[in-house]
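In the part that follows, the structures are each spelled out as structure tokens.
The two complexes that follow have chain A in common; it is paired with chain B in the first and with chain C in the second.
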Partner chain A sequence: MNLFRFALDNLYRRPARTGLTVSAIALGIAAVVALTSIAWGFEASWQKANDARGTDLIVTKMTSENTMPSPFKAEKVQQTLAGLPHVKEVVGLLSEMLTVSNDAPPVFVFGWVYGSYLWEHLKLVDGRWPASREEPVVVIGALAAEMLHKKTGDQVEIEGRVFQVAGIFESSAVVENGALLMTLDMAQQVTDKPGKVNVLNIKMDADATEADLRSIKEQVKQTLPGFVAITSGELVSKNAVVRISKAMSNATILIAGLVGALVVFNTMLMSINERTREIGILLALGWQRGTIIKLIVSEAVILSVAGGVVGIVMGVGIAWGLEHIELMRGKIDAIFSMPFFFAVMGLSVLLGICGGFYPAFKAARSLPSAALRYE
Partner chain B sequence: MSALSLSTPILRIKALNLHFDEGRIKALNGVDLDVREGEFVSIAGPSGSGKSSLLNVIGTLDAPTSGELVFRDQPYSKIGDASLFRRENIGFIFQAFYLIPTLSALDNVIVPTIGCDGTADEYKAHAEALLTQLGLRDRLHHFPGKLSGGERQRVAIARSLINRPRMILADEPTGSLDSANAAQVLDILTGIVKEQGLTLIMVTHDATVSARSDRIIRMRDGKIEQGASA
Partner chain C sequence: MMLRIVAAVLLCLLSGIDTVYAADAAASANAVAESMREAIFSEGFEARLNVFVTRASGAHPAPLKLAVIGQISADRQRLVIRGISPEAARNRSYAVERGSDGRIRGVESRAAGEQNEFDPYARMFDSGLVACDMLSPWWGWPKQFLEGMEQIDGRDCLKLRSMTDDEKSPIREVESCVDQQAKLSLKTRLFDSRHVLIRATTVGKVMRKGDAGTMAAKKLTIRDAAKMLTEIEVYAGDEQYEISADTFAALDKLTHNEQQKTK
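So, the complex of A and B:
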């Protein structure tokens, strides 16, 4: 018999209330886990796509904070950039979210400069790559193939135009796996944006340094008004969807933390009011006030930690479920890590302590004689 | 018990008052009482006469409105930590037992040691020894709901003894028991108290119980009636 076992026993005594409290905390924690893992995963998968492509710097319109930066005429900017020191390749990229099948949600359609370095990181698993700049074919990501029920040789209709599936590829980034890919020229034609790109990707030569990157950023700022050169990480963290999903996950953390603490607070307050006389007895038996505080806070923390564990399991389940529903497939890739789980458990412990603190002090302050007389 | 220890006071009370409602209720109204080391004092008196109030003040559960109390050589006014004082010196026994229903007899006895410095094994062994001494050897793992009233009160007695107090304060400990059980519980309690040389102050309405005490105190209207003694 020790303090911990006594605390557990007190919770077992009220199984319904304990269960409800744990469930309420678990729901909050589950929301935190699901949303946070998706928000971070979203950022990470875009970053991964950019990193996998081997892009060092991305040049976009300054105002671009949409999911995809707004398109601009590429030619002049491209020429300027290509003339800068240590720049090896400058390639344009056009990206749109388009409906390609009536019974599937919209997917990303990318147009990449034919023959550019962008294509190099993809792995062809079936069929072939486009054979020329003007060939009306697409290659599709493995996940998109599965979602659209398409295979090599099938046809897809994009913006009223029919394309043949030339092949299927795999990428380490989920956003690319869920996308359709064609040459930039075809993408400009089909979206009616001749000569335009969303972003220009810069690949530096092998002996470029951090300082060279910085100097290019500076030169873009000075010679190309309205444009910025940023790293893929900077682009992704500026992205509106990434920012909204992160803000939502932060708000969820705040709300779940507050609601969880309030639930614990309410439960523990009820619990100590019910046990007024018992607390008087414990004090009469020589319990220190500090021991009463430890008991009540322990009970609160046991509740919140149990809620945290259940919540993590639920949250991982929810994130997994969201990844696999049709609408979201290929667009999110929740990430989980040990530090993340530790942080969530830390949040649980914290809300237990916060919620249990006042009830614990209230219990410890009670006058033993009054508590004993209490009916 | 030696004549010497009986002559040493463990508790001296002078002009003790305990008022409630800004003095409208005088639960204790000028109580003077000396209790000797190892003495068994019983307190009788009508309902509302202040018996429980007196035990509460002696046990530091209530702070007196005025008056002087001294435990051995320590004035109550100098007690810094009342719960530590209780833990080291006082054992409480209540009429309604006040056991924790979801804990076994053994765990109930161990409860007062939670937060103390000793080892769990040590407390467990002590609790088992006490319950065995109280005739509950085969009831260690029973829950209060499965025990008779007499057995429950014996568990409560073991609980009051676990921290090795110097003084037992019992508020009508046999009040909820039939006469056979009452007699048995009283035999066991007085036996242990005598054996360990503890001081026992017991509130009781039962004349056969108070007859066994060293001294009977009668209370009325918050005062001790004079001239009563066994």
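So, the complex of A and C:
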């Protein structure tokens, strides 16, 4: 019988304790998987939305850390930016999180400059786009249409004004799929922010290089006090919600790691106390102390790997469930990857080794004569 | 004899210390009130609110959406509270002004240009919202007293009592608990001249203002003497709202009419 089989048999012999230990580890790992995937997904979704639009640089207020930066008067800033070298297009974007139905949670309402490049990445699946800057219509993301139970031709009330649904679109970014879209002029009217935008999107021409982007960032810093030009990734990483969700995910990893290691430690310590005579017999039969350590650590690692596998499955399930509950739909987009799962399994193995090492060392130090006398 | 002189000197000294202490306390109370008054100075702001009312009977009227637009300076404080939804509230707005003389007056506007003076101490939109409370005139009252520290939801706040003898004001006394860092009153209780509670406002959640870095109330509740509960949530805002020429047109018209009458 090899060592692995021996360790496995030891765990099978105490199914209740093994099951409880695996459950405790699995819960910790599930929390890590769910929270981390959602935190990364939240960041990735916003970045995907910005990247999909084809924006090279975003100009916003320097202190903005909210989900959407504070609105500002666009005209003068826009004129300055349009005059910078290699700048092809400068377009404003206004956004608010608004309640558009008493039966559904608030959704993002975006206002984009009519006819600008921002609209190009969207795929119209039904109806049509707004026909003019001032047309009081909205197009809604496929997910928002489903959540709000709206179809082309229906009406939605936004901030006391009635808009007709002109069409339904799909986007690669979940943030946009769960949003309502109208022209910037209409968004400014409905939110009472004439001439204001949250961000200005800059699209560079085909000849622009990384050096040109850096140069524009520097020129914005010099010529537009209070404003900053950043990439979409930089904007998203500054976002307070992204920062909080990442901090929560890191805290969960730390707590789940500590709890997991303590659970394994406690289980293995109880196990070797119960098996003192058994360990004494093994030592008396000539087992090396190193082999005893390997046996106990193997048991701990098997427990934590099993907990890791179950935890990953549970974590994926929790994240999927959260994505589909009414309150969160269209706002989170958990992302998973093989490297992430391998990292989680690595964490599980580490928990096993950390939690199992001391009990293993303690067992290996036993004297066979004393262990055989143990009742 | 000697003992009497010593006792008299000690008494004089103690009363002197007491007087100095009382003067210092009044000065710091006034300073806190002044800092609260200055904290809301703004060239223009807008806040959009979700308002949920629970009547004493337990009935819930349709939730309201309101916009509050304001311009606050040392000399003049002006607000417009405009209904966004539902339909019944949409065409209604209340404009209120407090001038340098401390007088508060208001105009109610309805659809089709109908405008009437309204009592700024009265409820608006059949909710617990009162225009006068939004102006917090008590920070400018002459009698301010500090009454120690308190903790509300884990936040330290300084208790301040403000009093006025103005017989025109139905509110004579206000108890506030001021978070000095946030420049925000976490709890405000308004009393009449017989010390009967009129309304109590409690801040439930605070938020960081976008650019200023200071705090503002995100969620608050108003409970009035008639046991009406009004829950307010700020869902959008603009700290650099551009006040247009017609934002306070109703108030300007009222001033114009008053001037005409005086002539």
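Going forward, the second predicted complex is superposed on the first by the 375 of 375 C-alpha atoms of A that agree within 3 Å, B and C clash if a C-alpha of one lies under 4 Å from a C-alpha of the other, contacts with A are read in each partner's own complex, and residues count from 1 in each chain.
Note that a residue touches a chain if its C-beta (ideal position, glycine included) is under 8 Å from a C-beta of that chain, and two chains touch if they have at least 3 such contacts.
None of these values were measured; they are calculated from a predicted model.
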Clash-or-fit label for the pair chain B, chain C on chain A: fit
Which superposed partner A:P194 touches (first chain B, second chain C, both, neither): second
First, second, both or neither for A:M97, with chain B first and chain C second: second
Chain B versus chain C as contact partner of A:Y12, first or second or both or neither: first
Touched partner set for A:Q79, first chain B, second chain C, both or neither: neither
Which of chain B and chain C A:A284 touches, first, second, both or neither: first
Superposition-derived minimum Cα distance between chain C and chain B (Å): 57
Complex interface listing, chain A residues touching chain C: 61, 63-64, 66, 69-73, 96-99, 102, 106, 157, 159-160, 191-196
Touch list for chain C against partner chain A, complex: 46, 48, 50, 63, 65, 67, 83-85, 90, 210-211, 213, 235-236, 238-242
Chain B-touching residues of chain A, taken from the complex the two chains share: 1-3, 6, 9-10, 12-13, 277-278, 281-291, 294-295, 367-369, 372
Residue ranges of chain B in contact with chain A within the complex: 56, 59, 61-62, 81, 83-84, 86-88, 90, 92, 94, 98, 100, 102-103, 106-107, 110-112, 114-115, 120, 123-124, 159-160, 163
